[in-house]
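The chains carry the letters A, B, C and D, assigned in the order they are written, with residues numbered from 1 in each.
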């Protein structure tokens, strides 16, 4: 991976499933895909608290945090996450969230409401369930201005 | 590395004194609704008034004797109205009643992890916004009064899905509420629901729930205990069968008399029927050898636990495939997901739809069974070799104590599966499908597989490689994880 | 009572001269659109331009070799727009194409009974009111131009359901239109569609259609001939298997090289798989014995022909049950009804829904097969005894000529079924289900059933009487006629 | 069966499936039910033309004609039937029609439009598919004022 002026820089991403959510298959596959794409991946598995995401990002100087939420309580678990990142000094870290973000099917069916909610919480990008990892990898490269 | 002395838990029945002490000091104090059910015998008295026809344990035993089936619906969101409306709508529109159906009510994950404050906050927001922010029904926040209301609303028996960390208080409340089924599965709670809770603790919670169920049963309220292992959706038939066979001893020791042995389908009908037979046979054998002679074992199945297709009719096909496999396999009590599985929590319309599918299949082919065959015999033989070999190793590791053996087994990677958030699981195993969709081991890690089984799996994987002209590798493993959902 | 001399029809190949004479004098003059296809070789030339990938005969043979399946959708209402829209919608929304699907286009009943004036009137009113007053697509009113347009619209091959009295002109037009499948079943047209048309005439029409299909095949356009017997929905597996085995000789004699042997399901999976095996085996054996050595026999199944449930999901369960039975039975090309079956003619949404169900089942269990078993062996043995005994009697009655034998057989009540508008059918037979839903004879009338078969059916019926504690009588026969639809 | 003043009178009904329609199971069951209920049934089977219905009714002095239509072209097949009955002298014969009377599902779903159409054609009663024969038997007894 090179940034715009061709300098070799391995980017680091933190990946995990947030809150009390035990679903790990999705983030397990995300981890493998990002590793294959040349990223340095810090994989926290499932049931990761906001604090654990933040500490891991600080320790590893991560460029982005990828939050997966599947069990339906994503809205509650993600609230205030950007605020906490900023307070912990991670001012301009990229925050992505994805997965089955809302319990009731109604919310899942009108996806835009969830997207708005997550964007208002400070997430830079919000991914619907089934989004293939490759889509997110391209977005991240763009946001990090690397090829 | 643990040695056996350092493992505190053991497969010993809780004395009444030990049980009531944990109840009083550990369980009821976890939330204020614990106070409402302090008098256990009063709770049992209330439960005894429920009509026998609405008792899940007796319902399943009767269905097994009469070669009938019981369809079991998952259902659970935050508000009581959602629950009562859903129960009345479904029973009103599908002909579901105590003769052919029961409810498997889902608790939300905060409640299951004893985070009752978060659950209460989520419940308030759900009531305020009229939207369920919780992924289940927060039974502990509600308490026994609402649990009784739900039970009185329903014609079919109610049971509670307490899988996840610690559902002891929730189980106390629902049994006091007159519900007649609960779940008690330790390995499941490890591999599927938790990150860093040691198996010892999970076994302890399971023992408590089993003892509580037995307490009711001994006083005239038979309680069905779901000894199942839905797993992660990515496990081998060997793993889930072993989990159920091994834990049948844990429940038996606590005095459980009604064990519902529930397995997840690989979707290969022959292998799934074989796994059910091996599980029922070995559970009965090991319990019998250990002296537990009067347990009713009822066969059961979960719907497909891996990812579902988004198209509602493709999902309908899954429901029909699962049900037909259970009919042909004579699997008495099987659970149903709804066609919304790939979208979100079941709605009442989704639950009713599943029952329309299943009741039609029962009407047109309910008496058909899968005949004996060479293929079924081989799958049974291979699964029995695998499960028996692991049972003997684990019992040996625990000096005959299955609780200790299980803890050692997990730690040594003998009891191991592929994808799980549980840090205690070694994860050296890679599961893959063969050419007919049976689960096989691409990598067996430290599993104590007899040579014959290893060779059989290798051959079966080679058949697929030949047919699909591609190597069996991690890429194929990952494809197999989501092939069902790629409509 | 007929004696063999008085039967004019015989199982003899139409010479090119005879064939072209009937074509010119009898078939094409039936309606003005016959004029557009007078030059048969020109029609064949047009058909030869169709891509091989869209040839139904080759598609089915390839699918059989590669152990894949072809789903076949019924579809047909009055207007061309309805047809083109439906074809594009379905192929656009389900992934249906020449690799996994083909169309079985339904003609309306007036057209099938050569009442072209009524069909034309019904078509006009349909166009005027924008509502289909016809129960199918009036191919003869439209003519070859529209037939070609439909074919060019579709990605999947097209075939025509010409069952009913006389579909010779309709078949001429669709084959000239580039379609590559037709149906040719005499007994079916008798018992299911007509009142007083003698079997002789129906056989004559069938021979013509078979000869026409062979004509195209011999000149480089392989045509699939559906030799099937959907029957009335109330027939025994023995009857429908016999119909297909006997008529395989009629088609073979006319030079048909691609026979799609299609049977209706009793809904007992073992009996239906047994019936398919017996039918394929005996058709190949009798054709081989009679010197026809190079015929491709493809296994096929109809959806359940009796009355369907009104609830759309109960109907979905029927579609899944039918499809799973075909997958397990390795039945290559199976036809699909839509979930609207109990309501009316299929809509495009209904057709697409059926394909969503079926393609999901093929994805998750498409490689699974029913293993050999004692039960399958017994059902095969009994059906083979029954069908072989009737074949030998009928061939004997016709002095080796199956066409004459069939006419005698029907007249003597040897070839007989229960419910039919056909006055030539004796109707001395009563079909009933056993405890697993297999079709059995409560009354065998004059059927030449071997003693062993009679005894086996009697025993099986007795098992049901014991299990349901009620007598097998006409009331049970009538219940069995509608049990599937009673959601 | 007795009429209102208790006189034993066996009523006669003609039953069959109209037009080119081969469906006979429905009318076969109707026939058996009406026979069991004590009616004298003239069963014409399937593919019965309007004329055949009328001739059979005249020959047997029938009190009612029960027309079944299943194959979807009932509207076309039943048109002008009452007119023909009247012209043939069957002025006040009871005409019932039932079954799957209309090809396109839309029509089947808005049943009332079909019922109106058939009533305008002079049918006294119009039965939806699945109507149990017993319902029709009771109606006919009422219309014929017999018990």
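Here is the rule we use: a residue touches a chain if its C-beta (ideal position, glycine included) is under 8 Å from a C-beta of that chain, and two chains touch if they have at least 3 such contacts.
The structure displayed is predicted, hence computed values, not measured ones.
Peer 1: Give me the set of chains touching subunit A intersected with the set touching subunit B.
Peer 2: Output, common partners of subunit A and subunit B: nil, no chain qualifies.
Peer 1: Can you compute the centre-to-centre distance for subunit C and subunit D, using the mean CA position of each chain? Integer Å is fine.
Peer 2: The answer is 31 Å.
Peer 1: Taking the mean of the C-alpha atoms as each chain's centre, how many Å separate subunit B from subunit D?
Peer 2: 56
Peer 1: Report the inter-chain centroid distance for subunit B and subunit C in whole angstrom, where each centroid is the mean of the CA atoms.
Peer 2: 46
Peer 1: Can you check how far apart subunit A and subunit D are, centre to centre, with Cα atoms defining each centre and the answer in Å?
Peer 2: 69
Peer 1: For this structure, enumerate the chain pairs that meet the touch criterion.
Peer 2: Chain-chain contacts present: A-B, B-C, C-D.
Peer 1: Give every residue of subunit D touching subunit C within the complex, in rising order.
Peer 2: Touch residues, subunit D against subunit C: 17, 20-25, 28-29, 32, 45-47, 71-73, 75-76, 100, 102-109, 129-130.
Peer 1: Provide the residue numbers of subunit C that touch subunit D in the complex, in ascending order.
Peer 2: Going through subunit C, the ones touching subunit D are 77, 108-110, 113, 115, 118, 121-122, 125, 131-135, 164, 192-195, 232-234, 307, 310, 340, 342-345, 347, 419-421, 423, 474, 478, 481, 485.
Peer 1: Note which residues of subunit B are touching subunit C in the complex, please.
Peer 2: 267-270, 309, 311, 313-318, 320-321, 324, 328, 353, 356-361, 363-365, 367-369, 371-376, 435-437, 483-484, 486-487
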